[in-house]
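Next come two complexes built around chain A: one with chain B, the other with chain C.
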Partner chain A sequence: MSSPQIEIQIIAALVAVSCAIPGVFLVLRKMALISDAISHSILPGIVLGFFITQDLNSPLLIILAAGTGIITVVLVERIQKTGLVKEDTAIGLVFPALFSVGVLLIAKNANDIHLDVDAVLLGELAFAPFDRFLLLGIDAGPKAAWIMGVILLITLSLLYLFFKELKVSTFDVGLSSALGFSPAILHYGLMSVSSVTVVGAFDAVGAILVVALMIAPAAAAYLLTADLKKMLWLSVFFGVFAAISGYWLAHWLDSSIAGSITTVLALVFLLVYFFAPKKGLLSVMYRQKQQRTEVSLLTFLLHLNNHQETQERHINHLREHINWQQVKANTVVGLALDNNLITITNEVISLTTKGLSFTQTALEYIITNKDDKIEHLKDDFFLFRG
Partner chain B sequence: MSITEYFNLLFTDYTLRTISLGTSVLGAICGMLGSFAVLRKQSLLGDAISHAALPGIAIAFLITGAKDTNILLLGALVSGLIGAFWIRGMISKTHLKSDTALGLVLSLFFGFGMLLLTYIQKQPNANQAGLDKYLFGQAATLVESDVLLMVLVTAIALVVVLLFWKEFKLLLFDQDYANTLGFNTRVIDILITFFIVLAIVIGLQTVGVVLMSAMLLAPAAAARQWTSSLAVMVFLAALIGGFSGVFGTAISATQNNLSTGPVIVLVASFFVVVSFVFSPTRGLLFKQIRLIKNRRDLQLKKTLQFMYGIAQTHENIDHPHTIRILNNFQGFTKKSLRKMEENQWILLNKQQWSLTLKGFTEAQNLFNQQTQHE
Partner chain C sequence: MTQKIAIQVDDLTVAYNYKPVLWDIDLVIPEGVLMAIVGPNGAGKSTLIKAILGIIEPIAGSVAIYGEPYKKQRKLVAYVPQKGSVDWDFPTTALDVVMMGTYGSLGWIKRPGQKQTKAALEALEKVDMLSFKSRQISQLSGGQQQRIFLARALVQNASIYFMDEPFQGVDASTEIAIINILKELRKAGKTVVVVHHDLQTVPEYFDWVTFLNVKKIATGAVKDIFNDNNLTKTYGINYKVAVNK
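== the complex of A and B ==
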């Protein structure tokens, strides 16, 4: 591994971590798309900043562009407050307009600036190590690493200082304002951090990867845990993992680094999406199937309980009566037999004592609709689940 | 080139006519279908889908190796649809919210698309140049066959919208009711989504991935301000979209270095701002005017109520009082007193005022809702 390679990976990892942290809060606050809006609408800010500073890495440019990000957020909120359109429409109206202004500014002054919409949108991490930061005349590493390092440091210290406030205001706005934390300050604080991160990262990785690095690790972590701290750690881990392995994928395919980091993120998310233990697609579908069978079982037992006549409880008649398909009926009857809830003699089904008491408890739950009745029902009665 | 020159050229210049026709048709179909997206609170679906179409274009190119627009668009359509249905699946099967789902599809598909595009660029066959026009759109590359395709898609969309008008409307405003009536809401939903994706894919070549969402949203958001009827809104949105297309093309044709896509979006955004401010019923301007008018009216009635309180203590209601005794009451000015005289509520006589019978009954019935007000 050569020194630029290591540097690129360090920059990518720094970007990943500094995106993952605000990303978690954006996802939890249902504001994930704000990151997309900011990442596009900072374009005019970057162009104007570039006119003034003539340097893509100047801190002034970052502040100016981050200012445009905040303006976006404020504009979206203003438009939303008029009640003329919904929030998502407001977002969708603001950022394309600002982005268009940026594109036209670039197009009009194409001769004067070395700035290109492709570069802003897509970024080119491979070039990041060429822009060196000179400290007292000594080469101190790539500029992008320093910028992202400072941003990450600020983000981390803000996170450490305001963790409690952020946590409360994310999950319970009412409580947080009752406790005296201003939700507005926290909101705009988070928005400012997101804007600064997006601007700092755009040069290295491009606007779209910033969005991916903010949302995807947080979303994957959210499917795995419900604990805020664990979620932060997990999304940082996913981000860094995608950054490093994405770099090597790009190296191998000889393609865009930003694109391959996103692709790795997509793979990681897909993996989690399908196989997350409790909230993944497969386990959700399995649980839903299980619940369907169990509800059918309950219906079946209640039906038995209602009818004392033998012809009503005859196995063939039941299938007709409840109108189930052969397979489903077999599953339900089999489950009931396994759990010793029924017995079959001469093709007539009758409830066992256990089945009877199960039905009684279930009925009681249905009548009173109190949750504590159902809580232990399945554990108490079921040897096998559906 | 000036604007008038442009309109002259519009009838003579073949290329310009093709492009203008293309952008206006695109604006119209986006406005029409965008209305449904906006009303279904899926405004940002357009943003996600347009980004999600990118890998489809790249894969279609990788498979066929040809740069035939229709095949590339077919790829875009397929991957756009996959994106759209994955978003729905994510929202219904996991606890991820719609914003996260949209953002995920948008960024992950787009990033994968970028990977493929850069991969294609490194490939030896040099046929691939021009794929990135789908990123930012180039209206200038529109040719007659593209415009024909747009017109065809618009015609089909129009027929479908007219055929299923009742079902679409029902689904938009009351999905549960549609269900109870026995409509298959799932099929209708898929149909709407399909056509929205189709409109987006058609527009990619002209305005590009990033700005496509605005094409879908802006005309609809503008049209919404002028009406509360779905039919009028869809029609208006199509009109506004079409006009944005034509004006945008005109402006960008008259200036150097102005790309068409962004100009169209800015024109559409201008329509939105105008609608937000000047719409008679919902617009901010008239809302503010109504607010001020109501406030004045309230002030007037408050003064009347105060006078009524004074007049009640006298035997005859038209007993004159000096204006000075109103001084304790902060809510009157010379102007408001004159206005009350105009309403024939009071009579002014130099420094004195007296309540008229009309004013007295008006004040008496102020809190009585049955009274008819002028």
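== the complex of A and C ==
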């Protein structure tokens, strides 16, 4: 690996981690769309900042552009608060308007400045190592790495200091406010961090792909864990994994790095979406199928419970009477047998003691809806987990 | 008998988009009562609690908790929002939600430690949910979620408890468990204010009641003012409940 290759991967990983952290909170707060809005509406801020500083990596430019991000959030909230339009409409109105101002500013001054819309939208990681950071005249590495490093350091410190406040205000705004942790301060704090991160990252990965780095890792992590800290770690892991493997995918395809990173992110999300152990699509479908079987099982057991006479409990009669197809009947009978809920003697089915008590507990649950009765059954059966 | 005043509300008016939802509310809640706030949908019951707690900014009026503004008295107050106001798919456990009750006494930045964990476990024990401490909150039933919320308020060890519809969507055994805990709180001299919907149970559960419908209709001891006259005034229809002995 050449040193620019390593540098590109370091920058990509730094961007990925910086995006993944605020991304987790945006996803949990159901504000994923706002990151899209911020990433576009920072354009006029970037252009104005560039007019003033003539340097795409100047801290002043980052602050100015992040300011436009905050203005976006405030405008969306103001418009929404009038009650005349809904939030998604407000977002859809605000960011194209601000973005278009940026486009006009660039077009009007296209001859004078070294900045075009493509660069803002798509970024170019491959060029990042060319822009060096000179510390006392010595080459200290690519500027982009320093900028993202500083942003990441700030993000991590804020996360460490205010983790509990962020958690409570994300989970329960009312409690957060009542306890004295102003939800507004935390909200705008998160928005500021998100805006600064987007501005810092757009140069490398572009304003569109930065959204993917914020949302996709968090969305995938959300499906895998029920613990906020683990969700943060997983998001960071997915982000870095996509950044590094995306780089090598681009290398192999000889194509855009940012595009490859996002492709990897999409694949990671799809894999998790289908195969996540508890919340994945396959797992959910399997569970629903199990639940259907178990409802059938319960119906079957209730029938046995209701009928003492032998002919009602004859195996052939049950097939006719409950009117299940043979396959399903076999599944249900098999399940009941496996769990020692029934015995079959001379093709007549009887409830065992266990089956009887199970049926009665289930009945009681259905009638009273009391959860404590069925706690011990939950491990064996999906039915009661709803 | 001169009782201390726990909560005093003066001329409180709250409006959403210039439409008043609470109008000129004066309310004095003595210390040590278990009070129901009753009224029809849209009467401003939740809004009243939120305004007292500063979650909603009133357009007029003031609130005093033991004679001081709420901001100075946060630590004396615990709040249980409506169960439906939060997303129960949030990635966290029952114990962690209860721990959130300790955040107020910690203040900004400081993290909960062993002392807080111990308090949270004790609160879980009180609501009979200790065995569920590590369970993800989306895996709890409605009644269990409400118990968790109650435990989170208990862990605050407050003097005043505000609860927004704690009996909404819970099973009968949880309802009884909750009301027993609330009665214990009253016995310990705490003040408990509950937004309540089931008029039938008011005389059985509460000793104090406030009738609310945008304006305050009446407030006082259940035995004195919980009658058809006030119910009719509040609900606007000729209301007869089976409360007349």
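The rule we apply is simple: the second predicted complex is superposed on the first by the 347 of 386 C-alpha atoms of A that agree within 3 Å, B and C clash if a C-alpha of one lies under 4 Å from a C-alpha of the other, contacts with A are read in each partner's own complex, and residues count from 1 in each chain.
Basically, a residue touches a chain if its C-beta (ideal position, glycine included) is under 8 Å from a C-beta of that chain, and two chains touch if they have at least 3 such contacts.
Every value quoted in this text rests on a predicted model; they were computed, and no experiment measured them.
**Student:** For A:178, select first, second, both or neither according to whether it touches chain B, chain C, the two together, or no partner.
**Tutor:** A:178 contacts chain C only, not chain B.
**Student:** A:189 contacts which: chain B (first), chain C (second), both, neither?
**Tutor:** So A:189 meets neither chain B nor chain C here.
**Student:** Identify the partner contact of A:222: answer first if only chain B is touched, second if only chain C is, both if each is, neither if none is.
**Tutor:** So A:222 meets both chain B and chain C here.
**Student:** Touch test for A:149: chain B only (first), chain C only (second), both, or neither?
**Tutor:** neither
**Student:** Per the overlay, which chain contacts more chain A residues, chain B or chain C?
**Tutor:** It is B that touches the greater number of chain A residues.
**Student:** On the A-aligned overlay, A:165 touches which partner chain: chain B = first, chain C = second, or both, or neither?
**Tutor:** After superposing on A, A:165 lies in contact with chain C but is clear of chain B.
**Student:** Is A:4 contacted by the first partner chain B, the second partner chain C, both or neither?
**Tutor:** Touch status of A:4: no partner.
**Student:** Mind working out whether A:141 is in touch with chain B, chain C, both or neither, as first, second, both or neither?
**Tutor:** A:141: touches no partner chain.
**Student:** Does any part of chain A touch chain B in one structure and chain C in the other, and if so which residues?
**Tutor:** 30, 222
**Student:** Give the list of chain B residues in touch with chain A in this complex.
**Tutor:** Counting only chain B, the residues touching chain A are 38, 41-44, 46-47, 51, 89-90, 93-97, 99-100, 102-104, 106-119, 122, 132, 135-136, 210-211, 213-214, 216-218, 221, 224-225, 257-259, 261-263, 265-266, 269, 272, 276, 282, 284.
**Student:** Mind listing the chain A positions that touch chain C in their complex?
**Tutor:** Where chain A meets chain C, its residues are 28, 30, 83, 161-165, 167-168, 170-175, 177-181, 222, 225-228, 230-231, 368-372, 375, 385.
**Student:** If we count contacts the way the header does, which residues on chain A are in touch with chain B in the complex?
**Tutor:** Residue list for chain A touching chain B: 27, 30-33, 35-36, 40, 79, 82, 84-86, 88-89, 91-93, 96-97, 99-101, 103-104, 107-108, 110, 117-118, 121-122, 208-209, 211-212, 214-216, 218-219, 222-223, 250, 253-256, 258-263, 265-266, 269, 273, 279-281, 284-285.
**Student:** Residue numbers of chain C touching chain A in their complex, please.
**Tutor:** So the residues of chain C in touch with chain A come to 17, 50, 53-55, 71, 74, 77, 79, 81, 85-87, 90-93, 97, 100, 103-104, 106-109, 111-112, 131, 136, 138-139, 141, 143-144, 152, 171-173.
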